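In the two complexes that follow, chain A is the common piece, with chain B as its partner first and chain C second.
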Partner chain A sequence: MLSSVSRKLILIAAMAVVFGLFAASLIDLASLYNDATKDYFFEHGFEETGSNNLVTGILLDYRLFDSLFEAGILLVAVSGVIWVSKHDFADKNPNFMIDKYKTPDLFISFARLVYPLLLAFGLYIILNGHLSPGGGFQGGALAATAILILYFIDKNKETDIKRIVTIEKVLYLAIILVALLSLFTRSTAFTNFVAPAAGRQWQVVYLVTLNVLIGLKVAFGLWTIFTAFLKEGR
Partner chain B sequence: MIDVAMRLYENMYYLVSVILFVIGFHTLLTHSNLIKKIIGMNIMETAVFLFFVSTGYVRGGVAPIIEPGVEQYVNPLPTALILTGIVVAVSVTAFALSLIVKLYESYGTLDAEEIMRIRSTEL
Partner chain C sequence: MMTDILNMLLLLFLIVCAISVARIRDLLGAVIIFASYSLVMAIVWQQLEAPDIAITEAAIGAGVTSLLFIATISKTRREE
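On to the complex of A and B.
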């Protein structure tokens, strides 16, 4: 067993190595990402994806395969959280974190005002993901936060976790199906199923559809995680 | 020496992200409270996100939303990559916290060394 002084010295040395490695790599980092790919996105991104927001364009068109597994990781995490916390729900008090006598009345009144605004803002971010900053993941997280506020307003609110997870799985399948549609229309998988020649107003249909599906999926997933944690307390 | 200092000043975002990373690393390694370990892991993740997003920064560029009349945008690719990273970070944090809840239920403590001590006496 090492003494605490030598342990601290080893720790400091390890951190100095980490710091030194990063500092040594600062020489020419900006050119790592600011080369030809950036110019390609600015010259062709808008025409090929139909999205003003290039981040959404990359996420839902060029790197759609990546985004599918991003959504899949969230689904796996939700399943894991439920599996870890599912044992003996019955003997626990589901109201532990939202005890009415500990939540101030001012917070409850204010939450009633904020809840619809937050939900509408989340939907706005989801629907405008191709025009303004945002998209399915960000808007879904906002909508899930609004639902979390709902638990403070109504402390007897009951949620059927199984039904939510089933809806989430169906939504994930729908995302994969929409992503695979381009296999039949453009004979390439995982891209926009509307060809760029059809015009931008038709390409936007695909972007909004996928953004709404991803947004709903993320909102349901985070809602499930909240509920699992709320029910776990004693 | 001045050359290196100027380069570090020009790459301030990288430097700050490295400092954040080391802070998170220190928290992760030195604290025995499991919740604090998760907080340290999240600080490390945030440092990596800052690092990646700042590699795409272009001096004078605006957010990559195509509008008429704007000349220079920042690189959208690292931002799109980091969106994936954020979702993964949230998933890992949620799963780790649910595991910690279970650990607390069976051992009655959040201290990692305490849990190790209890386990060593059990065997």
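On to the complex of A and C.
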């Protein structure tokens, strides 16, 4: 066994090496962080992706491979939550309630007012992902929040969790299939299946389709997490 | 100039929120402070010209996490 003094010395030496490497990497910063990618996106992004919102264009076209795994991470997280909570799939009717601290009437009244607006705003964000800020993930999260508010309003709301999980998996497969369609039309995988030559009005079809699929998938995934979470510890 | 002062105030508010959320004993109060932290953070993202992140922060940070934390408190205890 090493003595505590030599252990601390080794720790200090290791930290010195790490900081030395960090400082050495700063020298090349100018060559690492140049504006080449940004300039390329600004020059070609609007024509090649057909999206008015450049962020959506990058997410669903240039970086579609990353976006697929981002959606996959949510799928894994849902599986993890279900495995940890381990409730029976046949079990219905999550008995969600605030036992000691009842939900205030004011909160319920406001929730009834906010619920339709929030759901409509989520759908608006999903459908206008290619025009305005936002997209599938943001809109899906908003729609899922609206569904979560529904549990606060209606205490006896029933949810068949198995059906939601199945729909989410099918939607994820559909996202991958739509992403792979470009393999047949343009012979490169994970990009828009409509060529830029066809015009922006046809490229938008792909963007809206993928935004809607990702939005629904995220909404169903978060809905599953809520339901599994609220059933737990009854 | 005015936006600089606004940004400074927002960042100051973030620091105060971050310290008080760790110090407060009432968990429901901590959740409410955390939600206001997320809301101000969304405004800061908007000031940094990242509206996409701002929408995500408002929906996830102020919406989903607060409601899940409130559900957790209702199933356990309110005091730390």
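Methods note: the second predicted complex is superposed on the first by the 186 of 234 C-alpha atoms of A that agree within 3 Å, B and C clash if a C-alpha of one lies under 4 Å from a C-alpha of the other, contacts with A are read in each partner's own complex, and residues count from 1 in each chain.
We take it that a contact is a pair of C-beta atoms (placed from the backbone, for glycine too) under 8 Å apart; a residue touches a chain by one contact, two chains touch by 3 or more.
None of these values were measured; they are calculated from a predicted model.
Undergrad: Looking at the overlay, does A:Val81 come into contact with chain B only (first), chain C only (second), both, or neither?
TA: So A:Val81 only meets chain B here.
Undergrad: If we overlay the two complexes on their shared chain A, which of chain B and chain C does A:Gly134 touch? Say first, second, both or neither.
TA: So A:Gly134 only meets chain C here.
Undergrad: For the overlaid complexes, name the partner, chain B or chain C, with more touching residues on chain A.
TA: Counted on chain A, the partner with more touching residues turns out to be B.
Undergrad: Could you say whether A:Gly72 touches chain B, chain C, both of them, or neither, answering first, second, both or neither?
TA: Neither partner.
Undergrad: Pick one for A:Phe22: touches chain B only (first), chain C only (second), both, or neither.
TA: The answer is first: A:Phe22 touches chain B but not chain C.
Undergrad: After lining up the shared chain so the two structures overlap, which partner does A:Pro116 touch, if you call chain B first and chain C second: first, second, both or neither?
TA: The answer is neither, since A:Pro116 touches no partner chain.
Undergrad: Touching A:Ile149, do we find chain B (first), chain C (second), both, or neither?
TA: Once the two structures are laid over each other on A, A:Ile149 reaches chain C alone.
Undergrad: Once the structures are superposed on A, label A:Leu230 by its partner contacts, choosing first (chain B), second (chain C), both or neither.
TA: So A:Leu230 only meets chain C here.
Undergrad: Would you check which partner chain A:Gly199 touches, where first means chain B only, second means chain C only, and both and neither mean what they say?
TA: neither
Undergrad: Touching chain B and also chain C: which chain A residues?
TA: In the superposed arrangement, which is not itself an observed complex, chain A uses residues 55, 133, 135, 137, 222, 229 for both chain B and chain C.
Undergrad: Which residues of chain A touch chain C in their complex?
TA: Touch residues, chain A against chain C: 55, 96-101, 125, 133-135, 137-138, 141-142, 144-145, 148-149, 152, 222, 226, 229-230, 233.
Undergrad: Could you list, by residue number, the parts of chain B that touch chain A in their complex?
TA: For chain B paired with chain A, touching residues are 7-8, 11, 14-15, 18, 21-22, 25-26, 29-30, 55-58, 63-67, 73, 75-80, 83-84, 86-88, 90-92, 94-95, 97-99, 101-102.
Undergrad: Going by the contact rule set out above, which residues of chain A touch chain B in the complex?
TA: Contacts found on chain A: 11, 15, 18-19, 22-23, 26-27, 29-30, 32-34, 37-38, 41-42, 45-46, 52-55, 57-59, 63, 66-67, 70-71, 73-74, 76-78, 80-81, 84-85, 131-133, 135, 137, 218, 222, 225, 228-229, 232.
Undergrad: If you look only at chain C, which of its residues touch chain A in the complex?
TA: Listed in rising order, the residues of chain C that touch chain A are 28, 51-52, 54-56, 59-60, 63-64, 67-68, 71, 73-75, 78.
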